[in-house]
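Shared chain: chain A. Partners: chain B in the first complex, chain C in the second.
After this line comes the complex of A and B, so read on.
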């Protein structure tokens, strides 16, 4: 189990820290949306792709992806472990959440990298 | 009027009160409630049923008095655990009108209800009627090493008393009032879902010994509680602190304990 890899207090420190830092990045993200370009058009395809092409902004998005994925999947793991107990179940939940977290980060990072390198066209 | 809960102990006859008039005055002031007692024997029954008894009470009558009146004069088979009758032993914990309380420490008059429903505590295995098993709570209590751990001892030759300042004592004294009645564990929402959670009773006792400056077992205990079903299972609902009959605040103890694990308390 993850608890046998890391002490639960270390996992929870990461859990709290990712939440706090993610809030900071979300504020930066919203501020950029308000101050750069038209807010009303921010979800248009060209506008979204243009965001990824800005390296600092792509870094902000990547950081948000990692922070929210780590926090969210650990939160899911905590909820699932409270619903039911047992060694096999807990191991499945812990490794399942870890795998899902890695998969989501990998897929999201791939999207960010491809868009920022101009590999996504309309 | 039946005996038991209606008059204070030692005042069961007119001569006890000094005069027939005084006896009649006390007797006539009593009111009546309906006592509903949960009856369930897991070995025989399929579902709990409620027995109803009319019970007269005075302002000093406790729920335990009423249950014992029902047991003594109506149904001897009612299963109830009790001992000291003064909120010292922690035996008579039960759900009274839906809230975990000590039956000996809860007066009927303070419930402000014409119907008093008593049920076994939640989050404990039921033995029979109002009696639940304490094995899990006692085993988690034992697991957190509820004693002072240190190399030397007050009773070893050459050592003296371990003196503490009032400030040192203040850090843990409220937690040493725990009577292991289990009301906090019964009220805890995490205990209801997580069958392996240590529970507020065990965690508060872990804090009691860790905060004691005579103790040297902090690292041992922190290791025991630093797990998913240990201290991190607490969602800080605070219901444990609300129901404690001894004024212990387990929710606060758990938060203070987290400080040691998160590194902002030494």
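After this line comes the complex of A and C, so read on.
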């Protein structure tokens, strides 16, 4: 159970903190779209690659990936624990959400690192 | 009374019985799950960037449709409501906006379910609707 690793009150503080910081990063992420003129222009391949090659923006994307993954999968864990309780179930939900969170962060980080290093097929 | 007890989890989940607070409870969970699924999809969608321009453009075509724009508009609405209501919940959990503790007298109206909290829920819904309209305008270059 997560409670054996960390107190639920601490997990909730992390849940709230990740939400507040993520809101700031999401605002930056959306504002960057507007620097390209129109919404359609901002989604052009060259524009998106240029975004990833900017190191500060790549750091923002990585931070956003981690914060939203932690917040999202902890939220899913809370919803699932509201529906049903029990040691085995709670352990399965907690470790399942933790594994999914790590997998999503790893997959998203792969995209950010490879795109920022220019490892993109021509 | 017996009927109430027989309802079980359906009674707890009924959004029509306990007012806007129960509606907010369900909207918070539904929007949270919706945003998590969108986020997973968004991570997968952006990974197509690594396969080159053609792969990126074909993935983008899926979202540049009327259905895609409607979906993105819903995502904007979910995001704004989840943020607004989430901030309300954080403030409430910190102990603000609950009113003062008092003796429970008939008709036992809980002071925690007050107009301040109700207003915050309605404002969150209103802001979500405004953001959805603005998002539609941006997507259609209006």
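Here is the rule we go by: the second predicted complex is superposed on the first by the 117 of 122 C-alpha atoms of A that agree within 3 Å, B and C clash if a C-alpha of one lies under 4 Å from a C-alpha of the other, contacts with A are read in each partner's own complex, and residues count from 1 in each chain.
The definition used in the following text is that a contact is a pair of C-beta atoms (placed from the backbone, for glycine too) under 8 Å apart; a residue touches a chain by one contact, two chains touch by 3 or more.
What you see is a predicted model, and the numbers here were worked out from it, not measured in a lab.
Asks: Once chain A of both complexes is superposed, is A:75 in touch with chain B (first), chain C (second), both, or neither?
Replies: The second partner, chain C, only.
Asks: Could you look at A:45 and tell me whether it touches chain B, chain C, both or neither (first, second, both, neither)?
Replies: second
Asks: Which touches a greater number of chain A residues, chain B or chain C?
Replies: Greater contact footprint in residues on chain A: C.
Asks: Can A:85 be said to touch chain B (first), chain C (second), both, or neither?
Replies: In the superposition, A:85 touches chain B alone.
Asks: Could you say whether A:97 touches chain B, chain C, both of them, or neither, answering first, second, both or neither?
Replies: The answer is neither, since A:97 touches no partner chain.
Asks: Tell me which partner A:107 touches in the superposition: chain B (first), chain C (second), both or neither.
Replies: second
Asks: Is A:13 touching anything from chain B or chain C once the two structures are fitted on A? First, second, both or neither.
Replies: Only chain B is touched by A:13; chain C is not.
Asks: For chain A, what residues appear in both contact lists, the one with chain B and the one with chain C?
Replies: Comparing the two interfaces on chain A, one with chain B and one with chain C, the shared residues are 12, 16.
Asks: Tell me, which parts of chain C touch chain A in their complex?
Replies: 29, 32-33, 35-36, 39-40, 43-44, 46-47, 49-53, 55-57, 60, 64, 79, 83, 86, 90, 93, 138-139, 141
Asks: Per the contact definition, I'd like the list of chain A residues that touch chain C in the complex.
Replies: Chain A residues touching chain C: 12, 16, 19-20, 23, 26, 38-40, 43, 45, 48-49, 52, 65, 68-69, 72-73, 75-76, 79, 104, 107-108, 110-111, 114-115, 119-122.
Asks: Would you mind writing out the residues of chain A in touch with chain B in their complex?
Replies: 3, 7-9, 12-13, 16, 78, 81-83, 85, 90
Asks: Taking the touch rule as given, give the residues of chain B at its contact with chain A in the complex, in rising order.
Replies: Residue list for chain B touching chain A: 190, 193-196, 226-230, 232-233, 261-263.
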